[in-house]
Structure formats: structure tokens, C-alpha cells
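Beneath this line is the structure, given in C-alpha cells, with notes to follow.
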Amino acid sequence: MLNIETLNHFYGESHTLWDLDLDVPQGQCTCVMGRNGVGKTTLMKCIMGEEPVRGGRILYAGDVDLTRRKMEDRARLGIGYVPQGRQIFPLLTVEENLRTGLAARGDGRRSIPERVYDLFPVLKEMKHRRGGDLSGGQQQQLAIGRALVIEPRLLILDEPGEGIQPNIVAQIGEVIRTLIEQDGLTVLLVEQKLPFARKYADRFAILDRGRRVAEGAIADLSDPLIRQHLTV
Amino acid sequence: MWLTRPLQERSTQVFLGVLFAALIAVTALHLLMPQDSALYVSAYTVTLLGKYLCYALLAVAVDLVWGYLGILSLGHGAFFALGGYAMGMYLMRQIGDRGVYGDPVLPDFMVFLNWQALPWYWHGFDMAWFAFLMVLLAPGLLALVFGFLAFRSRVTGVYLSIITQALTFALMLAFFRNEMGFGGNNGLTDFKDILGFDLRTDATRLGLFLATGIALAIGYVICRAIVVSKLGRLSVACRDAEARARFLGYRVERVQLFVFVVSAMLAGVAGALYVPQVGIINPSEFSPLFSIEIVVWVALGGRATLYGAVIGALLVNYAKTVFTGVLPDAWLFALGGLFVLVTVFLPRGIAGVLQRRRAAAGPREATA
Amino acid sequence: MSFFEELTHRDRVFEFLAPAPSPVDVRHGPILYLEDVSVSFDGFKAINNLNLTIDDGELRCIIGPNGAGKTTMMDIITGKTRPDTGSVWFGSRHNLLALSEPDIASLGIGRKFQKPTVFEALTVFENLELAMATDKRILPTLTAVMTAEYRERIDEVLALIGLTGLRDRPAGILSHGQKQWLEIGMLLMQKPRLLLVDEPVAGMTEQEMERTAELLTGLAGQQSVVVVEHDMGFVRSIARTVTVLHQGSVLAEGSMDEVANDPDVIRVYLGEEA
Amino acid sequence: AEDPIKVGILHSLSGTMAISESTLKDTMLMLIEQQNAKGGVLGRKLEPVVVDPASNWPLFAEKARELLAKDKVDVIFGNWTSVSRKSVLPVVEELNGLLFYPVQYEGEESSENVFYTGAAPNQQAIPAVDYLMNEVGVERWVLAGTDYVYPRTTNKILETYLKAKGVSSDDIMINYTPFGHSNWQSIVADIKKFGSAGKKTAVVSTINGDANVPFYRELANQGIDAADIPVVAFSVGEQELSGIDTAPLVGHLAAWNYFMSVDNDANYDFIDAWVAYTGKEDAVTNDPMEAHYIGFNMYIEAVKKAGTTDVDAVKDAIIGVTVPNLTGGYATMMPNHHITKPVLIGEIQDNGQFSVVWETPSTVVGDAWSDYLPGSKDLISDWRKPLKCGNFNVVTGTCGGKSDVAAN
Amino acid sequence: MSIARWLRRLILACLLLVPALATAQVADADAQQLLTALAESSFAGKKAVIGRIAGSGDERARRWLEAFADNKLARLESSGRFVIVLSNRGRNWTLADALTGEPLGEVSRRDVDTIRINNSLRNELTSVLSVLDLKSPDPASRLAAARALRGKVDEGLAERLPGLMADESAPAVHQALEEALAIYRVAEQGDVQAVATLSGSLNSEARAALRNATASDDPVLAQAATRALERIEQKLKLNRAAETLYFGLSLGSVLVLAAIGLAITFGVMGVINMAHGELIMLGAYTTWGMQQLLPGQPGLALILAIPAGFLVAALAGIAIERTVIQHLKGRPLETLLATFGVSLILQQLVRTVISPLNRTVVTPDWMSGSVMINEALSLTLNRMVVIGFALVVFAGLMLIMRRTRLGLEVRAVTQNRAMARAMGIRATRVDILTFGLGSGVAGLAGVALSQITNVGPNLGQSYIIDSFMVVVFGGVGNLWGTLLAGLSLGTINQLLEPWAGAVLAKILVLVFIILFIQKRPRGLFPQKGRAAEG
């Protein structure tokens, strides 16, 4: 679904991502891991087009070259994004936050899919509250819900469980699995928590200081690998 | 001493070096060159440069609050004008009975509008020390009261900007009123001498120019000292995350008030030096558009650098002098165009360009 | 019990009238005491008759569903939000509701925010410098000198939070997790009597979580710590007493095991498998 | 092929005053062009030096200094507002320049280096009030002005004058508004009320500049007709009217020393030249333009008479110089540096012109110091030797501000 | 004075005797002689001649008198021929012969001597013509004529008025005539009965007559008049309160109009658009341009100027957005600087291309004058239209921002541009549309303002500061706040003005704003909650 080839990224002079290759197979959940500051979020931003890349290619759905596409077009191609730090629109109501996702849908739909509310009932309850007033975890749920409004083909989740209460984290994991299995959704997940990753991801990739240092099926995520790349 | 701390900084040394070199050069060229020499600097130019330096000091004051404290004051002209009026009142009283009506006490404008006695707030301005104190106190007090109210209520952002604008606008209207006793629209003018020196002599002009240069130097060092102190870093902290600074135990409103008052006083000094050099102070200095223009100088020079403010003020005003002479019909196009182009193409102002140069030349130096 | 406290409470009002502010008085009991606190936003009751007591030197974990009111409670303690009713005491002498944020901070209450907030334009070093426990009035701040001792302390903390390499970079460029650490560092610089830590390990790896756990348990004793966290592994590793908030009031309180087996807690919060 | 005579033109081309002043710059350019076509003066061509003081008062002083010190001009024509003149005054005195000031003003000034070719209050305000009182029978007066020195002084003079004529203070209403005031609703309503007391009422307007359009609009809309409550304005001329729909204003008055509609061949020639110069068929002329016309011709005559452009020589020579004005009479430069002028009262017509309804039988000498202000009624101005004083106090026998130059 | 009065009496009496004017025609020689007399007499003498002309019974007389009143009766210097000026603009005037009506084409102004008239003659003429109108078949002109007679009735006329009233069918005219007569009776005859007729009247002539009567020697009359006046004053007070409120709303609606576009570009988009005033100015100039294009149809031009002004300003706004503002994303404060530059350029552009002088924008008839609610309360029409217009514009804007996707999308884009784009919102398009909308609305404000104030290069500057105040006072980002802020600031200003004066009122309003912001640091309708506190 997503093929990243020799991607390089710089913040000004500092080289953040180095010749990075990554394949995200269709209909699976790929989990990107790595210590703080290795470039996970940066990679997601490159895929969404929020950060310009310096060399390399990002191919989507086989043949669509995303590298030079505008951000909004990427969303319209069916990529949903749940960024780190929630990034909800603080002064829009919950409902309005969700409605922003309608822009990217090709079908001109004007109402929010019920499924989102089913998944996060608190959002329905707080429909008319400003996004910024929600608690941290509620905001995180809103961010995920908002991405689901697009009904994406590829869902990018940057540490989605952060700040969410345990039972809902588990529920989110289940939903991801359901969507993958029923709708053929592809998921690119950034996650630090091993149990969650082990439970819901199919594949993993580990970043270290801007390079991809390991990759494989989740079952192959071994303790030595973890010690080498995920401990400080 | 915290005040001398900036003197160890390279950027301040360069700034002061350039400034003093320029002051000396202008003085030398004015005094030593024959009048017909191409290098001669006329008294006209000296005064003009003096005016630019006043504006530069004003811009530094604005940059202090805007650049480092994040308070976009659209009313700093008010402090400048108040300082100017304090000085103007002193100069008016110095006229004595040499006014057109020969009244020993009342300024001319009071005589012909039938004022019988000097209003109470004019008393004391015949004494230089009092007047010069008021140059600092008048703007300082206004800033203190206004700032106290505003910062205490946590008025921030555009709200603050707009009420500073309202402040200067209200003062402009008030000073326009003849009943206020400040000469209304005509303002204060026709000054004769300052501290006993005849304002019409070239020597006095040069003296004022040099005084302004020195005031700018001192003002710059004061601002710099604040900026490099922990208080300066705290200001930046308040600018970016006011609430967070509070949770660290800092009284943000006092930080804001302190810096705001210092800035207002500097603006007042700039105004006080401006008036004897341009020969008039009138309510148009309170005009909101003037205050906006000051901000524009700072932005153009490069915000939060201090020396950028100086560059911006000098450049814009020099451009104005040149353009109004060379392109009288089209200078606004040139000036407006300049503003637009600089903002669009030099996002961090002229200082940004200089910094980038320096950074490119020696990246290590920039971080040191 | 509460009647008793109220009595002791009463007689301390007179002490409070004493002119000079004195440090926290914990001779007579808890360091933090919330009683019958309620707050509502546009009619929504975020905190509902909340009672909470933290003892001096205690490490307390607070958990509870999203929107339970945990962050709001911290807002109330730190003076950011004013409750509609109730009282909040710091030690037996300081009525926090009468104080402003900086006053509360100066008394020795430090806080790490749920969403990391650091001074983005300042360097990592400067962030810590500002947080340092020193005289925070204007003129002392203006004339403050960076002594070798201060520098050492900052460097220590820098090492502890793993940001030595980014010492002179602006904090704005830090990654999410790095900001979390910086906030913890700032909290340490503050040397508060009471630390309020809102979701410290969000976005950290397991190892980092362990380090954080060590750090916080190490602090407890001289300092009191209140931790809010959703990561049960982490909570379990540090918790002695856990309080569960739900809909603005205490749902359960006790040891981790007690709480984890409480059916209500499982229903509204933990879910089946935790 | 001698050096040209440099004529400095100091009028705002931008900012709020550009609306009034930029035409004066063009007038000067036209007059210079015409003079050069006639061969210049003393065999020298004239060369204009235009600067833009941008409606900024300190900038006026700076630009005056630039003209005198840097460009070394021989004479300056310029300024509109009094404050700009006050700002420039010390500069022209210090650098011994010549300034011709073309606009009606409040008086109370006489500088050795300035020539006032516009009207002093006695050449505009007082005759206008006389007209209203005697010919129209006005008994109740509204003095409405923009809040600055010119209206204040003028109104002070008028108030004293009216009271001297027996008008009680109940019958005088004074009102000031800020510059550019645009919300006239309640003031006009007040005027209407004030005027409905059964006595003939008139408004004497010293409202300046941009505030006039909304003022007249409001008058028209509230139905104040010139027949009921006439408004006589001192700052509204043909140029201002060109921005107003005059149809509802027919009959309101203005007092000036010149109107474009004056039936006189010199005037028609001037208008033709102006239309040709600007290339606009609808270009209008106005009083300050005439003042510049007079001032310019006076300067030319004085230079001819002195045989040089030397400032002191011209200053001496110009007193007594007489040139034709555009209304069929002559203007003479008086020793107080003011000139003689006829006073005309005109009524607004629907074509944006004034029709003259009254004029003084002969020209009036401009009075630098008003006879109706206590502070200045004893002052006179005479720049001829031996007095050479702009503010000579006839009671004390001294020249103000220069106590050493005692009179004898 | 008394001669004039006597004369008028005579004329009026004659006129009423002449049964119908338009029957006769005097010989041309006599006409020439009459007109010559008119031309050559002094102003006082002209009065008599007017009477003679009016009384001549010539059917052309009315035309002469009307032309005379309009300053359009003239004599050719060269031939002594009397002419009527058809067009008096420019240096050549279009004329027609006064006697024969034959068109004479264009003649240089130098050759035309207009016959001078002044206000008092014009006054005279109006009375003369209005007495003629009393017999007009059109009740409206009879009413106008009757109203004009109040305070002008004299002995001669007073005798005839009862007769006229008896013939009068329209009650309004009848009442006006009755009042006119009563005023005469109270003033001249001290008639106590007549006081009753006047006791409800709000007419100023009636009040003047009553006021004079209170000082009468006759105690009965004085007392009756005093009582009547008190009653009237009561009524007047109410009317004045209503009037002040109207003034306040009208000033407020001007503020709202000027600020509402800014509430979009600044309040919603966050662009500190210092060129907002110049966009207003463009709208006003568009109105002027439309009127130039459609001479003689100011009303149509004004209506067409609404879409045109919107379009011109919107396009200008879009141009500014594309060339300048889009490069300043994420640097809102710098938009201040750049747009300040733009505003300088636009102002000077107008000065250079059009003129530094104000332009004349004509008020169409349906917008001039006022609606008379009663004699003491008239609401000016132009202001009323502006109030309505402001409300319509506000409602329209509200609809767009509430009901279309644009409203939501622009807020999302301003709050978090990157995230909005990541949600598939076309931020650039949203920017263009929104800025265009805000600018277009500024243009609409300009169209409206052209009916109230100057159309000149400084127009924008005089509104920019007020506009920012209104938006901020109302609470940034809240359209309702802008509406309420504008209306309340306008009303406060008008309430203060009568006792503080215009200057002080303005100062007080500013001080009020400053103090108000201390109380509510985020305006009338603040953005509340966690997010707004940052």
C-alpha cells in the first residue's frame, strides 16, 4: 500500500531521516518503533506531506507517487492521519471537528458516520463542546474519530493510545483489527508500548537515529532487538 | 554589575563601536570640513541624523516590549509624545517674554486664547531638572497605570494592542483640544533655547545630535542588559507561554509591567530629544498611524534583535527623506512597496539577513 | 474523622491571619487537603464534591476514565481554575483558593502538564534555568548571576533527563517525548514540596518508563508526589495508594490490587483484561 | 544663462492635506511655467523645487530646512494648515528665507520672513458676520468649527465681536468637532433645535476639510434649508464643493476673497490656463490658488524692483508692491506682510459654484493682530524701517520678544 | 423690512386674486422690460419686480421665476438677450432664449451674466410660488405649500385662509392651513382660542409663537401658552430620546458595516489587515465610478454598485492575498506590516490615478431627505437605508459562515493549518474565498459609506481604527459580538455627545473601551474555556 524508498529529511541543516526504506503492506498493521526523538513523527509528517522530503520517493497504492502531492490531496486519496499531540481544532465543537473530515470524502456526504459515535460514545455526548475543552484522552479519541470520518484506506496513527484510559485503548486496538479484517484497511502505527504493538500489529519496523534498523513480522520482534534499539 | 554585562558581548561592542564611530565622523566632518567640500556635513544633515537617532531609540524601546515580551504596542507614540511634550513645555517656558505678546509667563497660544493664568500642570516646567524628570515620569507613570490595569486583568495579544491604540488615540483627541492647555493642534513651537544654549546655532544642534547618540547608546545598553539577563529570558518565556511562567512562580504581570515601563521611559527620552531638534511637538505624534509605523520599522529591521530596530528606524526614515524629495508624487509607492517586499522576502527583517550571513560565515560563533 | 479535621481546621484560621507567610505547615497532618470541591463548566459538573487528602511525603497515583476530572483537579490545586465550592488547603496554613498561580508555585507546588508545555524559543538549558528554585521577584531576576553551582545543578538534571546533547537547542524542536522529559526536568529544578505529575510516561518506551518510575519513587519521602497516569504497568510499578476518580468524585481508593479488582473500576476504566 | 531662480514648493502631496494642497503645487508649477514662457525674470528662468512634507508637521520644518539649506531656494510657496506654518516659521526666520502663505488663517502672527496672501479674520469672518447681521437679519448664531487653533481663534474673535454688537450669549452656540468628524447627526439636530426659537439663525462654519461633506449631507438630509438656517463657511471653496453633491445645498454661503465664478476677464483667462494646464475640463479654481497667483506676481514684481533675488532686498522691495488680483481689483503688500483683499460673499449654486451676493465696497487691509482679542488689540506690525517690528505694542511702545529694540 | 413686508402682502394678495395664471401672455417688449428691471435692480428692488412678473399673468412667468430661483436666468452681455441656462457646468453653458424658448446652443460663460439672486429673494420666491401651489390640483404640492405657509401668514392672507380652508378637501392640508392661521392669530392677535389648536403641534413655528405668547401681557394667554408648551415639551422629550436612539443605531450600523469585513479577515482568519480601510475606499470609489458610467441615474448606479463594489473589493482583496498574505502564513503579526504597505500603495494609487480630491457621489432621491414620523421626529433616509443594509449584510454573512462549508473550513484552517490540510481541506482555496469574502464585504461598506461621508483617498484611514476597536470590543472571531459592539459603541457615543460634545464623547468612548477590556479581557463575547486560555 505504501512504499517508501530512500527517503531523506532535514530540519534545516540537521539530517533527520537517512535513506529510509519502508514497506507497508496492504491490509496489515505495520508498527514503527524507536526511542524518543529518532524520527518517527517526522516520518509520518513526510508521508502526510507536512514536512518536505529531500530525496526519495513515497509510493501509495502501488503507483501513486505521493512525494510531490499537496497535503490535502493525500487526504483525498484516502489517507487518514492521527497526529501525535492530538492536534484537534480547539475552538471548533466536537461535531465540527469531526465534520472537517467530510471535506476529504469523495462522496459529498454531509453527516458524520454513526460508526464513529458508536466507537467513541463520549464524542456524541460532548458533541457541542469545544474540542479544546475536552480532557486529554477525550481529545485523543476525537482525533481518532476525526480520521475515521474520512473512511480512509490507509490510517496513520502516531501513538494513538496516549492518554486514553485502558479499556478504550483496548477497544481501539479491536476496532483497528476489525477495520483491517472487514474493510481491508491498512494501518501505519507508531507505538512505544510493546504489549499493544505485539497484540495488534502484524509487522514492525524499528527506527534508530533516523535510520531503519530492523523490520519484520511482529513475531520476530526479539528481546535482543528491543534491548539494542529501544532501551536507552 | 548587570548593567555592564552587555559590554562584554560582541554584538553590543560592534553596535556601540559603529555608533560612536558615526557620531565622531559626523562631528568631525561637520566641524573640520570646509562648507563647500563634498564631505561636509551640514547642520541640516546633523539635525536630520539627530532625528533619525531619536526614532532609533524609540524603535529600540518598542522592540524591547514587542520582540522580547510579545506585547505589540500600537500606542508607543503616546509615550514618545508625552516625553516630547514635557520637553516642549520646558522649552516654552524658556521663551519667557520673548514671545510675540511679550508675556513673561504665559506662552503665546495661551495669551491669544485668553488664558488668564498658567494651568497648574505647567508649573515647574521652567526648571530644567523638573522638566527632565517629567520626561521620564510622565510616560513612565502612564505606562505604569495603564500597564498595571491591563496586565493585572491579563489583557493580552490583539486585545492589548488595540487598547494601546485606543490609548494613544484618546490622548491625541485630548491633546487636540485647546482646553487642555497644550496648544491644541498647533502644539508647542517657536522654541528659543535649551539650558541656555540658543537652539538656532549649529553648535547646539551638534550638541543635541551627540546627546541623542549617547542616549541611544545608553538606551541600547539598558535594553540589552535586560535582554541578556535572566529577566530577559523570562520575558521571552512570558511571551511564548505566559501561563507556564506563572506555574513556575513568576509574577508575569510584574515582568510585563517592569519592561513596559522601562520601554515607555525610553520612548519618552526619545521624544524629549526629538522636540528641540525638529522644533515642534503637536498631537499628531499621538496618531495611531505613527505608532503603527514605529512597529513597522522594528519589523522591517528585524524583531527581537534591538539592533535590527535601529537599522529599521534609520532605513525607513532615511528612505522617507530621500523619497519625499526625489519622488514627491510617488514616494508612498516606494515606501509601501518596501514594506511589502521586506516582509515577504525577508521574513526576519534585515537583521535576519545579517544573522543568516553570520551564521553561514561561522556557525559556531552564532551559538556561543 | 472529617469532623475532627474540621475542628483542627478551624483553629488554624487564626494562624492564617499571621502577617508573615510561613512555609508549609504539615505538623498537624496532610500536605494537601481538598474538601467538597465542585466545579462546573457551562453546567457540566467536571468535579463533583471531591474530597482528597495527600500526606506529606506520600506518592499517590490517581487514575480514572478520560474526563474524570483529574487534570481539572490539578488546575484547581495550582490556581488555574477556581472551584465553585469547597476548600483546598496546602498544609494547614495555606488556603490555596485565596492565592494566585505564582503564589502557589512559590509555596512549593510544581506541576507537569498533560500536554507538554515548555518555552519553545528558549534553549533546553534556559528552560531549566528559569525553573530553578531561586528568588523569582523582578529585580533579583534582573541581576541574577549564573553561578557554577547553578550550572552544575542544571547539568545534573540535563544528564538525568537525557537531554545533555540538546542543551543549547531551542526547546521548540524537541520531539514529543523529549518535551515530556524536559518538563520533568523543570519540575525537578523547582524542588517543590508537592509535585503534580500529569501523565508523565505518555510516549515513553518501557525502559524510559522504568527510569521515570525510579525517579518518582526516589523523590517520594522528602517530597510529596501526585501522579496521574493511564499506563497501568507504570502505575502498578510505583503505586502504594491509588485513587480512582470518576465523574468528578472519588470512586475508589486503596492499594493497587484492591482497586484493580474493584468491579466498578473494571467496568468504567480498566476493562476486562487489565 | 544665469543660474535659475529656485522656487521651493512646500505643499503636502500625500496624507490628509494632499486633498487641498496638491492643487496648489500644480498652480505654482503653472505660474512658473507661464513666467518662464514670458522669459523668466531678470533674464533668469525660474526653477521649481517640489518636496512633499506629507501632511506631517515636523516634516514641514525639515523640508523647509532642506529647501533653504540644501537646495538653496530663493523663495518658498507653501503650507496650508496653520500648524504647518508654525512649524516652518522658526526655520525660515533662522535661515532668512521667504515664505508665501496662501490660506486664510487666524491671524495673530507677523513674521519678517513670511508673506500672508490669504485672508486674516478681518478679511473674511468679520465681513461675513456683518453681512448676515445687516443684510440677512440674523439674530442667533451657531459658531461651529473643527477643534483647532484657526476655528478657535476665529470664533473667539467673532464671539467678542458679536457681543460688542449686542448679541446676548444665549443667542450664541459654539460647537467643536474633531478633524474628519463624520457623524453629524446630533449636532445638526441641535442646530435645528437652536434655530427653531423664532429668531433668524445662521451657522458660521469653520469646519475644516473632510468633515464638511458629511456635515452638508446631514444638513440636507435633516432638511435644513439655506432659506431657514443659512450656513456661511470659511473653509469651503470650489474645490471642496467638487466633492459634494451641491444640489441640496443651494443658497448656503461662503466668504472668500475670490470665487471662480467672478465675472472678470483676468479670472476667465486664469481659468482657461488652469484647465489647459491640468487637461481637465472640470478643473476648478479657488481662493488659495488666487492667493498664490497674487503672491507669485508680487514676488516677481519685487524681484524686478530690487533687481536681485537677495532675500533682504526682496523683503524691502515687496512692501507696497501692487498687482492685479483676479476679481478685478488690485492687491497691495502692506507693511505688516498682509495684503489688501476684497471680501466676497457667495451662495452655493447647484453647479458647485458660488454666486456672489455681496462684496465689500473696497478692499480690506489684512490685520495681523485682531482688534477683538484683549491680548493683541494693542499690537501692530510694520516691517519697514525704522520700526521693523512684527508685534509692536502701541501702548507700551515696545516690540514684543525683542525688548532691546526699543521704539522711538 | 416693513416695506418688504408690505410688498409681500401686496403680491400675495394679487396672486390670490388672479384666478388662473396660465392664460395670458404679455408682449415681448413688456417682458423684456420686466426682465431688464429684474436684472438691473438692487436686491431690494428685485422684490417688487418679482411681484410684477408674477402678477403679469404671463404663462412664461413661472418658468422665469423658477429659473431665477435656480440662478439660471441670465442676460447675454453681447446682445442683451435674456436667456435661461439649461446647463451651467464647465466653461461653455447651454442656453435657451427666455422669451421664445428657442435653444441657443453653447455660449461661452464670459458672455453670460446671470441675474443675481440671494436667499431672501429665493425665500420670497418660494412663498410666491407656494401660494400659487395652494391652488394646485395635486394635494401633495398643496400640503407642501400649506406647510410652508406656517409662520409666514400675514394680514392679507389671514383674511383669505378661512375661505381656502372651506374649499380644501384634503384633511392634512386643511389642518396645516388651520395651524398656519392659528400661529398668525396667536402671534399677531393674542388669540387664546387659537392656542388650543397649537397645543398639540410639534411644529417649530408653532412653538416659537407659543413661546413668544408666554411673555405676553395678557395673563390668560400667557398661562394657556405655557401650559400648551409644557405639553409639547413632554412629547418632545420622548421624541428626542427616540431620535438619539436612532442616531446611535445609525452610527452603530456604520461601525458594524465598516468592521464586519474585518471581523472575517482579522477575526476569523487572523490577518491584521491594515488595508481594510482601503478596501472600503475601493467600494466607495466603485459607487462613484458607477455613477459616472450612468449619468443621471444615481439610484440605479447605486444599486449596481452593490455587486460591483463587492466584486472590485473582493478581487483587490484576493490580489492582496495572493501576492502578499499567502507568504506570511503563520506570521500573523507580519501581515500588519505588509498590509500597512499595501494600504499606503492603494491610497497613493487612488490619488495618482483618480485624484487627490474627494469625488462627488450623488444621493438618489429615494435616499435623500427624511421620513417624517411627526413634526419633531424625522428619520433621515440615507441613514435608515444604511441601517437596513448593515443588517442585511450581517445576516448574509452569518448565513455563509454558518450554513456553508466555508465557515467551518476557514476556522479549521486558521486554528491549525497543517492539520486542516491533513484532513483534506483545500487551505489555499479557503484562504482565497474567505479573504475575498471579507474584502468584498468591506467593499459593500464602502458603497454604503459613499452615501454618508467623503469619497476620497483618506476614506479608509478614518475607519480602520474604529473597525479594529469594534471587532476587538466584540470579541475576536465572533460575528454577533461585532454586531453588538458596533451598535452599542455607536449608541454610547450618541448618548454622550449631547452633554460631552463630539470630541469628549469620542474620548470617553475610547476610555470606556480601555476600561471595559480590563473587565473583560477578551471582549463582549469572549472565546471561553481551556483552549482560549492557551
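Chains: A, B, C, D and E, in written order; residue numbering restarts at 1 for each.
Throughout what follows, contacts are C-beta pairs under 8 Å (C-beta built on N, C-alpha and C of every residue); 3 or more make two chains touch, one makes a residue touch a chain.
In this text the structure is predicted, and so the values were computed from the model without any measurement.
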Far-end chain from subunit A, centres as C-alpha averages: D
Busiest interface, counted in C-beta pairs: D-E
Chain occupying the middle, per Cα centroid: B
Most widely separated chain from subunit C, with each centre as the mean of CA atoms: D
Centroid spacing, where centroids are CA-atom means, of subunit D and subunit E in whole angstrom: 29
Inter-chain centre distance, subunit C versus subunit D - centres from mean C-alpha coordinates, in Å: 75
Gap in Å, rounded to a whole number, between the CA centres of subunit C and subunit B: 45
Of all residues in subunit B, the ones touching two or more other chains: 173, 176-177, 241, 243, 329, 332
Shared interface positions of subunit C, touching two or more other chains: 41
Numbers and ranges of subunit A residues touching at least 2 other chains: 133
Of all residues in subunit B, those that touch subunit D in their complex: 42-44, 47-48, 51, 97-103, 108-109, 111-114, 173, 176-178, 183-187, 189-191, 200, 278-280, 282, 284, 320-321, 324-325, 328-329, 331-332
Interface residues, subunit B side, partner subunit C - complex: 2, 226, 229-231, 233-234, 236-237, 239-241, 243-252, 254-255, 258, 367
Subunit A partner contacts - residues on subunit C that touch it in the complex: 41-42, 44, 64-68, 70-72, 114-115, 162, 173-178, 180-181, 199, 202-208, 211, 230-233, 269-274
For the subunit A and subunit C complex, residues of the former touching the latter: 11, 35-37, 41, 84-86, 122, 129, 133-138, 140-141, 159, 162-171, 192-195, 230-232
Residues of subunit A that touch subunit E when the two form their complex: 48-50, 70-72, 74-76, 81, 83, 87-92, 96, 99-105, 130-133, 146, 150
